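Would you mind keeping the following structure in view while I ask a few things?
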Amino acid sequence: MGFEVLFKGNNLIRLFEGLLAALRISFISVIISIFCGLIVGTLMTQENRVIRVITRGYLEFIRIMPQMVLLFIVYFGTTKALGINMSAETSSIIVFSLWGTAEMADLVRGALTSIPAIQYESSYSLGLTSAQTYVYVIIPQIIRRMLPLSINLITRMIKTTSLVMMIGIVEVLKVGQQIIEANRKSSPNAAFGVFATIFFLYFIVCWPISLLSKYLEKKWEN
Amino acid sequence: MEEILSVQNLCKKYDELVVLDGIDLSIKKGEVVVIVGPSGCGKSTFLRCLNGLEDIQDGKVIHDGEVINPCSGKLNKVREKIGMVFQSYELFPHKTVLQNMLLAPLKVKKADKKQSEKEALELLDRVGLLSKKNNYPRQLSGGQKQRVAIMRALMMQPDILLLDEITAALDPEMVREVLDVVISLAKEGRTMVIVTHEMSFARAVADRMIFFDEGRIVEEGSPEEFFVHPKTERLQKFLQSFSYAR
Amino acid sequence: MDTEVILSYLPRYIEAFFLTIRIGFIGIGISLVLGVIVAFLIHFRIPVLGKIAGVYIELFRNTPLLVQLFFLYFGLPKIGISIPANVCGALGLGLLGGSYMAEGFRSGLDSVPASQTESALALGMTRKQLFINVILPEAFALSVPATVANVIFLLKETSVFSAISLMDLMFTAKDLIGLYYNTTEALCMLVAFYIIMLVPVSVIGNIVEKKVRFKMLGA
Amino acid sequence: MNKIVRRFIAGTLTLGLAALSITGCGSAKNGTESAQAGESKKVYRTLDEIKESGTINIGVFSDKNPFGYVDENGEYQGYDVYLAERLGKDLGVEINYVSTEAASRVEYLETGKVDIVLANFTVTEERAEKVDFALPYMNVALGVVSHDDNVIEDLSQITADDQVIVISGTTAETYLEKEYPDIKLQKFDTYATAKTAFENGTGVAWANDNTEVIAYAKENAGYVVGIPSLGSQDTIAPAVSKGNSSLLDWINGEIESLGKENFFHADYEATLIDTYGADYEETLVVEGGKVE
């Protein structure tokens, strides 16, 4: 069935290295996305119509644009247009952060609009500035509501990192294809064993993360 | 007594709807002013104009020689001196009672932590909630939360305290707990402007009564004049709506 | 940007566009039905079935569609069940989408305030009437934003169809670039067709969200 | 009604934004194309710059056995890699292998992110417009394998609703797209999926490099190479960024000198012989860049 391929040489280690590459990109991108998402999300709730339209346009644009095109534009486009030679990993982190920030901003907007106006007013009437109000009163409250959802974003991001093979990053799926190909003659049906392992690897990484998000959701639900 | 807050020809409009139509009022230091009136007469909005939560279309609110202007940057400085407690007794849900009390003094006044904590504990003890200092708001009753909200406002040592129908959303037996606190503050000589429906409480605590109707001050006077010999016919009708006879 | 190249690519993109739409929306249809059933099973904690539904959600939410499609299209024939590629694509999308839609509906069901249920019961409604007339409509209204986001997400997930030889939009672009290397034209047409496919969904989604929220919750 | 209108404006706004990005990425590309032709903005690294830097970036396939693949110890192997190792040694530089996909080979060269592409790159006119090909180092002809119960000996046998399986980005696909546009193709993006689909019988035939299909028929019973050679002989050659003549000339000189020591036959024997057998060595190998 093709499982024997995995124990040849350091194939198993290479698979884990590939998974690590995918995880590293996802985690860095999510952290950036949470930070920028908070800012963009807050901007989205401002009365100023211009800011709102721009951030809304950004969200729709990123949601609609296929990620592969973004990868090509950031990785190849920037070299052609501006002469900057970006590494594949930096480009993929930029693209996934752009995507993550858009998704996060939408979550933040939803969370901010669900905070009753009285929280803002009682904070202002104590003399806190609007910046202090956001930092000490509003954001800590939406973080509780948002963190579980942003953890879900990590699993979605991990699953879509397989796209980065288009710009030369060897992640877990690419390693799988390499192993299948390398053993084309010696074990022709290696594909099933390898894909079953990849299925399992993605599961044991993403499932605990979604369990964590459900646990946090329950704990902070009050 | 020296004037602490002066309201001159205050007008407030939502597009065409006139909510406050030229209010003039002067509040002395240590005075307790109670505002009553039918719902929708603009009394709560008036209170929110005093600390800049609502912008005003005309007229001025002067406190300590400074004009309160909602669009100016220094608004939060003004609000340090004018405390307000709302009808919905929402505390900051993610902070304990003590943290709720300490947030503003530490962040706004940059006060010393130990000193503020001592003050906070004293205030909590005064309203019998010292044991609740490390509880979260969700573990408190409405009445308890409202009392903490009042103490939280007091932590800023405001010159004036605005109370906007703070008992409207409470069960009867909790109303008592909260109003006793307000009465004790009045005895201490706190300057307060109170909007309420609790007539007997108003009569007990007020130095001066004001009757709002359709965005104007209709009648003003000491509690005795106000309740015993109401002059205007509208005030008489309003007071009757509170008494029941079989 | 060479228009002659664009014109020569146009027929293939149009064909791929309709394939993506056709299989995409069949898959989304399946995911909606599956989502409601699974959300129902979990929300009302039906014994055994509820557990299976829970496992289904965790399994399909935490693994990539590409791998799921691989087993559906290449694995099943090894045990005698061979499904044509387009059916396989719709089924794969439906199964993956079902787990996401179920999450959306479940959170919708959970956020129907208990007072609604109690007041309906107080009116003497049976549990079935209660579910159909009160809970379902309100849960549906609350989960419209999540559902719209899922529809867009699923339409973009069709980009892994190349694994099972379905010529969707993304595969057309990659294939054309691999053949003739007119990368700019191929990518710009890809973006254009994604816009034509997704902007209406997003705009209609917003309208439905506003209408349903207004009709249902009056706010 | 104005809500719908406002929504429509928001929609067109996103369209506008996206169109902006298209013209953005469009102009970016046009900018370089004209610049490339005008030689004003150099993207690639010349021979000397590569030598100075001490490393050469070579784009290879990492999942195309036996041409470019990664063995179980994580080392790059294959016919293309064997040549790359030698180029690196003769240049006296370290080699940095970059894993490429069929669709990104040209982009890598157009942005100078790799210096040479050695990824089973078949020479065609369209591709020659984008990159400069060096001398060929392998012949490739196409072949078609089919199930032994329905052997396809001529493409005319293929009916309208039959499908021929091909791998996206291969010479077979290019050839059939150009010469037989009305044959329905079922395209896969990896060898493994194409092979499994063919075995599951979703296509009547599988068109690929003739060496591949012959090797496949040899290893698996029940399959016959009905068409051993299809269309003209194409060649596989190294590619460099357009205009990088210093590197191109060096490679061509290198290929010619390697021809003298029969290097490419040695390469064949080291990497391809156990897949395709000895009798294909002559038809496949191009020694010293000279095609008979």
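Letters A, B, C and D name the chains as they come in the text, with residue numbers starting at 1 for each one.
By our rule, a residue touches a chain if its C-beta (ideal position, glycine included) is under 8 Å from a C-beta of that chain, and two chains touch if they have at least 3 such contacts.
Computed from a predicted structure; not experimentally measured.
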**Fill in**
Contacting subunit A as well as subunit B are chains none
**Request:** Any chance you could check whether A-C or C-D wins on number of contacting C-beta pairs?
**Result:** C-D
**Complete:** Rounded to the nearest Å, the gap between Cα centres of subunit A and subunit C is 19
**Prompt:** If you average the Cα atoms of subunit B and of subunit D to get two centres, how far apart are those centres in Å?
**Reply:** 78
**CA centroid of subunit B to CA centroid of subunit C, Å** = 53
**Prompt:** Just curious, how far off is subunit D from subunit C if you go by their C-alpha centres, in Å?
**Reply:** 35
**Residue list for subunit D, restricted to those that touch at least two other chains** = 10, 14, 18, 21, 25, 29, 101, 103-104, 107, 193, 196
**Item:** In subunit C, residues with contacts to at least two other chains
**Value:** 70, 74, 78, 174, 183, 187, 191, 195, 199, 202
**Message:** By the touch rule stated above, which residues of subunit B touch at least two different other chains?
**Reply:** none
**Asked** Tell me, which pairs of chains are in touch?
**Response** A-B, A-C, A-D, C-D
**Message:** With touch defined as at the start, can you tell me which subunit A residues reach subunit C in the complex?
**Reply:** 60, 63-66, 68-69, 72-73, 76, 106, 110, 155, 159-160, 162, 173, 191-192, 195, 198-199, 202-203, 206-207, 210
**Asked** Which bits of subunit A are touching subunit B when the two form their complex?
**Response** 116, 118-119, 121-129, 132, 136-137, 140-141, 144, 222
**Prompt:** Along subunit A, where are the residues that touch subunit D in the complex?
**Reply:** 8-11, 14, 53, 56-58, 60-61, 64-65, 69, 72-73, 76-77, 79-81, 83, 85, 165-168, 170, 174, 177-182, 184-185, 188, 190-191
**List of subunit B residues in touch with subunit A within their complex** = 51, 53, 75-77, 79-80, 82-84, 86, 88, 90-94, 103-104, 107-109, 138, 149, 152-153, 156
**Fill in**
subunit C residues touching subunit D in their complex are 1, 70, 73-74, 77-78, 82, 84-85, 162-165, 167, 171, 174-175, 177-181, 183-184, 187-188, 191-192, 195, 199-200, 202-203, 206-207, 210
